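There are two complexes below, and they share chain A, which is joined by chain B in the first and by chain C in the second.
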Partner chain A sequence: MRFMRIAGVIMLCCSLTIACTGCWDQTELNRSSLVTGMALEPGDHMKYKVTFEVVNALETDPNKGGKGGTPTAVFSKEGNSIAEATQKINENLERMILISHIRVIIIDERLARKGINQFIDVLQRNRYIREDVLVLVGKGSKASDFLKTVYARGQYAGYKIQLQVETYRKVYGGIPRSHLYDVAQALLTEGRVLLLGAISITGDVEKSESLDAIKTVYPAAVVRMAGAAVFRGDKLIGFLSNEHTRMVMLASDYVNNTLFAIPGPDVNPSNPGAIAVQFYHMHSHMHVKMDGNTPKVRVVVEGDGKITSIDENIKLSTIQGFEKVEAMTRDYVNEQMLKTVSYVQKKFGVDVFGFGQHYYRYHFRKFKPFAQNWDSYFVKAEVKVDSNFTLRRPDLKTQKVMKDGIGP
Partner chain B sequence: MNTENQNAIGEDPYGLENVKKQFDQVFGNTADLAVVSVNVGQYKGLLCYLTTMTNTDFIIDHVLNDLALSEQKEPMGKEETFHLLETIHYAVLKHETLQSMDTVMDKIVLGKAAIFIDGFQKVLVLEVRTLNSRSIEEPSTQNVVRGPKEGFTESADTNMSLIRRRFNNVNLRFERFELGYKTHTAVYIAYLNGDVDEHILKQVRDKLNNSHIDSLFDSAKIEELLHSKNKGVILFPTVYNSERPDAICSHMINRRIAVLVDGSPFVLIVPSLFSDFFKSPEDEYQWSLIGAFARCLRYFAFILSLIVPALYIAVTSYHQELVPTILLTSIAAQREGIPFPASIEILLMEITFEILREAGTRMPRLVGPTISIVGALVLGEAAVQAGVVSNINVIVVSMTAISGFVAPIYTFGSKVRFFRFGMIIMASVIGLYGLVLGCCLLMVQLTRIESFGVPYVSLFSRWDKRRTT
Partner chain C sequence: MVPSKTNAVDMFAMQLVFLLSTSIIFGTPSVVPDSWLVGIIAFFPACLFIVIYGAMLSSQKNLGLYPLLEKAWGKVVGRGFVLIYATYFLYIAARNIRDMIELIMSALLRMSPVPVLTTLFVLIIAYATLGGIQAIARFASLVLCIVLAMLFMLAVLLMFSSSIILEQMLPFLSKGIGPVVQSAFQHSIWFPYGEIIVFLVFQQELGGAKGFRRVTLYAFLSACFILSITDLIQVWTLGIEGKKYSSFALLDAARLINIANIITRMDAVIALIIIFGTLLKCSVFLFACAEGLTHIFKGQQGKYNFPLALLAGAFSILVTRNSAEHMIEGLKYVIYTLHIPLQLVVPLLTLLLLRIRYRKGEST
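On to the complex of A and B.
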């Protein structure tokens, strides 16, 4: 009897497997498609146009090689809300879409200028969209164009852009951290405005849409990093160049590794001999206090680094040589930082550095009266930059390889 | 052997004719019974033994020669002759003096020789048992690179001697039991007196004494018997078995009881814990860190073989968001054009593998290579080429299979295989939730199990004595 019961249970389980798989939320991989990129722009007929980059998995497999088709296909749909447009994607596409693997969400410049708050909710609410997905602003081109630039590596555009942003941030720091949670954080926090990464396209997008484009050595169009998009509230107000973005990020301690090209000691307009110094382990912190209605900010930047190149010979065999280069770096960074601060103060008048946030965090009660109009105080802020760089090594060569010269 | 037979016999049951008659009645005309007329001193006598259980050379050398010597002695009474045999001639051989015919018959079945003196009431029973058995060989399961190469054989005597040789210790005890009312198979328990927990010893004795089995051909049946009354036991084996004397002895040192069954090279150890099934004797013979690493690896492989296929199904058909994108595209590319859902595909391959394995074990050695050709080429390569199953599926199934074989004890590995199917079914019906649920159920069951009162998952071999008594 007992055996029969056990056998019965096993039979039941087996029949459950056969009958019930696929009932609930099961999605077979070969009946669904991965979405790796999403572009949002104003629609021609409706409010939004949503473009999805859908992976054709077979073509991305390097072993099977596919049949020479494109690794991705781009589908656009219009709707009065993002969710509506997303649901309508199957008008054109035969498979269910898996949106949990979106790598980048590209927001069109035009849409961002109107404000992102109205549609960001759908991204934050959806449980399948990861919090660390990149949210970027497409500068100068339609957002959907970014997903159409295919590239010789055979990977899909979304992945390429994501990796590019991560790598660029790691080696240079010229683009802000702009994950989905950074958006929420910046929108909620006091004393700092939202900065999103900006990307632009150089080259001809129309040529790049075809697979022939990836067969050339020189890509017809490439996506390039274009610094940061500055928001006031949730509305885009302008862009910062890569160099300015780097300084902003440096002040807020988001840069770890970067390289400065310092004008050499003998500044000669026709031949500015430069010294390149690369820094790693960079850190910064700031001190904010209020002097009446004027914020007094002191930014301290520290870093370890090495000399990457020197155009003019500097004597590096003594410690004074290093100290000289360190002093030059200090001056250069201080100057650049101040330039960026005054540029942001004049051009945008919003606190992208997070001085207000720092003040809010460390002197909550003192910050309270200024909270409402922090940006108007930020414009008047007096910033002082103290940097302290240490050069650890001159790399392989101490002196520049150069003949000493004999004789008189 | 009943009283009726004895009643039918005439006045003197120890007269030679009557003895012969009794043998005829009890043994019938079995071909291997030898009833030989001999002279014992001045009297006529009978030598009875089973040719199949004894060695004829031994009987000629040690029994008949001495009988011949006794003939040359001066005449004396039966009692004295018997005494002479007992104390002089057969003093070295293990012998006993019996009076009941029934017991004599039983002893003969065990491979002893009985000497009757015409009309005398005592029977001398001699230990002349010599069996042809397999010589000690390297064990075929539980191989080690470093360590003793001896393995148990089918003969319990040899096995006991293998254990005794490792314990030159007066405290080593062997207790004999007879199980199976048709086969009367000898079962021995071995333990170190004083070390072992009396309570557990009593439990084992009781279980062996109260068994009602008709036959016993392998220790597996005893394993089942010992296993069956433990608490919550259907899931994992609570009795350890090994073909290696060193493994058994190292357990006995840890206060365990060994159970030897005549006719089985697998010796059992009770009580056994979960962690015992992850130990190989070799762990102790090499650098401790290597041993510890190997053990960790076995635990890891155990978990792998239990959940990998289920995890694959759950993740690819319910929780795609958990897989790294690149891996997912790679899996998706391979799944492209596969006609079955992932769960059916995995089940298909798992069952195929089980069939393959079963065929591999049962197959005659000579046709063995066929299996590997068919298995590797046809099922692995061609199935993928034909697009019936995907590459990743083959990887998952083979990884599981290999992990399953890591378990040093075969019985444990085979149980894991069984649960794997449960996990697959759970995962394919309700995804990761099912898998977690399955693991929880397994864990709950695992912690419930007790092996002779010792909690199964206690990781230390020296358990808390207070718990068991």
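On to the complex of A and C.
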């Protein structure tokens, strides 16, 4: 009896060991490759061309270093759907691809102009692609070219772009929220159109594909942030410059940290007397109401910052000095914001700021009659900007270092 | 069986985990925009269950559900009802296993064969039921701690990854209060609150009407609170619009956790919550079913547990062909054909019969 018991326990242990390993879902690390970037563009022969940036893990090891090979390899495949092209990638590649660690998804401008709804579903449905992956629009160049620009750090292009977007947003704010869930959010809610981050390439991509290109001080080609891609519905209609994008994002409370360079008198950048102010904690909120058929919008921008540089001599040891700089900043930001608003109203005629969304969220019943073509009302919107900036400290000098008179 | 009373805290933990387990993911269907309100509204009518079940218990000196049915309906009809209830409990257990398997198949394991997973899982359930309801209750406190800790962690991590945007719960009541109340009465009362009827089976061991009323009320309150909070977290992270299209909204919310690119992909936490919760819930149902069969066929205690568990596992695979069928069946047909009759109509009739047949004072 006792023997039976022991035998039973041993058998149970063995069967559990076998049953609980989950062999069906195993993936060996040395039989699979991480994908860090994905580029979607129209195919030459089929509907889509999907390009994957696959990491060559040995070459990216920071301690041992590589053998001088490339850190990544780029593979393309065409297919009539994104999923098909993805599954067919192994025609060229020997390993299974793991797309869980994908960093960026770059959509070609040509594809975006035709509408992103036709293929975005595969990205949203897939459980391996994270909802906070960056979705960017490649401006001017083929989407796959962005994954081919290597640079001196020896990192993979996808990671470089992701980090660049994050850092740029952190220090300047000239790129919109551009995650996968923002796409769904913008397409689902009312009164706001989709904005995606745009990137472009400066320099020569052909030269940059080789590793020799990164052995120079001056990189042959560099991926740069190019503001925002504006969509109407799911179709790309144009691009906003970095400065306009910053103002749009400032209005929708997505910029925390930025710097304003206020030009000197007469608003001529070449005039002397420019001032730079840096803000660390920026917040904004908006109030929207309808006056008949005209939306009346009041945007309130608040900020907390310091003075980074002044070219003319303003005494920052006096209260008046601070007040003067604050007033100049206020006027400058208000003016820039209004410029951006009227530019967007004239050029695109779609609500990128989310005024409609705000109205939809807070005054749903009043918004309902305007919901159908909010953009036509947005074009007529009267926007008023109230900004309230507090400059706290002048950094280490109380005024510009220059002689006041004779002697100390 | 010797009636020995279970600790009130253990019983509370058991009922709370029972209420939470699958409803955290499937509880309030997103048919209305303000789904978080549904749970709160459903709480008040759900308290009616406590009144009915409490009255049933107290009228007959805390007999369990099965003896009560026999007493009220007579030997033959009563036994028929006992069998129906036993089958009903087994069916719910099978549905819960299926719920869990659906989540695991879409979130964790993709290629593992479903029968293997199900078999392993039901064997654990059967083992858990062998120790009787006390063992399950003691196990429940542990599970409750795990579930609550994980939910709390989830909320904190979401907050720190600045995914919680309160504005997303607006517009409030965009379709009016009507659909919300309707949804509360159509879904949330019956599932999860109504399923508490299964605890009537064990009342001899659990402490009778007085304890039942008090503990269940607390469990309902806590469950209502926790479910509303989790619903709100889903709305705050995914937005009303995004939540609507999500198969597992809480899982989708957990996927948004990203703290400095280090702490990411917390899907496994949700899967763990569901696995633990389902384990407990199915144990309770399976045990209730086994009790029913023992009551009728006078078998040895624990004799039916393993066969029934395997049956539940098989049912869980055979019960529906795909997830849509599973959802529709659960949200529509089961409620009208099973939940409402067996949770409300039969208990009410039983109570009425008990009151008529055994007037006050002559309780034998």
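Some points to look at:
We adopt the following convention: the second predicted complex is superposed on the first by the 376 of 408 C-alpha atoms of A that agree within 3 Å, B and C clash if a C-alpha of one lies under 4 Å from a C-alpha of the other, contacts with A are read in each partner's own complex, and residues count from 1 in each chain.
We take it that a residue touches a chain if its C-beta (ideal position, glycine included) is under 8 Å from a C-beta of that chain, and two chains touch if they have at least 3 such contacts.
What you see is a predicted model, and the numbers here were worked out from it, not measured in a lab.
Once the two complexes are overlaid on the shared chain, A:327 sits clear of chain B and of chain C alike. With both structures placed on the common chain, the touch criterion links A:361 to chain C but leaves chain B unconnected.
Number of chain A residues touched is higher for B, counting chain B against chain C. Within the superposed three-chain model, A:25 lies in touch with chain B and with chain C [touch as defined at top].
After overlaying the two complexes on the shared chain, residue contacts for A:98 are found with chain B alone; chain C is out of touch.
Of the two partner chains placed by superposition, only chain B is touched by A:14; chain C is not. Shared-chain residue A:171: touches no atom of chain B or chain C. When both complexes are overlaid on chain A, the residue A:159 reaches chain B alone and has no touch with chain C. With both structures placed on the common chain, the touch criterion links A:36 to chain B but leaves chain C unconnected. In the superposition on chain A, the residues of chain A contacting both chain B and chain C are 20, 22, 24-25, 100, 130.
Per the touch definition, chain C reaches chain A in the complex via residues 106-113, 116, 120, 167, 170-172, 174, 238-239, 241-242, 245, 252, 255-256, 258, 264-265, 267. By the touch rule above, chain B contacts chain A in their complex via residues 316-318, 320-321, 325-326, 328-338, 341-344, 347, 422, 424-425, 428-431.
Residue ranges of chain A in contact with chain C, taken from their complex: 19-20, 22, 24-25, 100, 127, 130-132, 181, 184-185, 188-189, 360-362, 364. Remark: chain A residues 13-14, 16-18, 20-22, 24-30, 32, 34, 36, 55, 57-61, 64, 98, 100-101, 103, 128, 130, 159 touch chain B in the complex.
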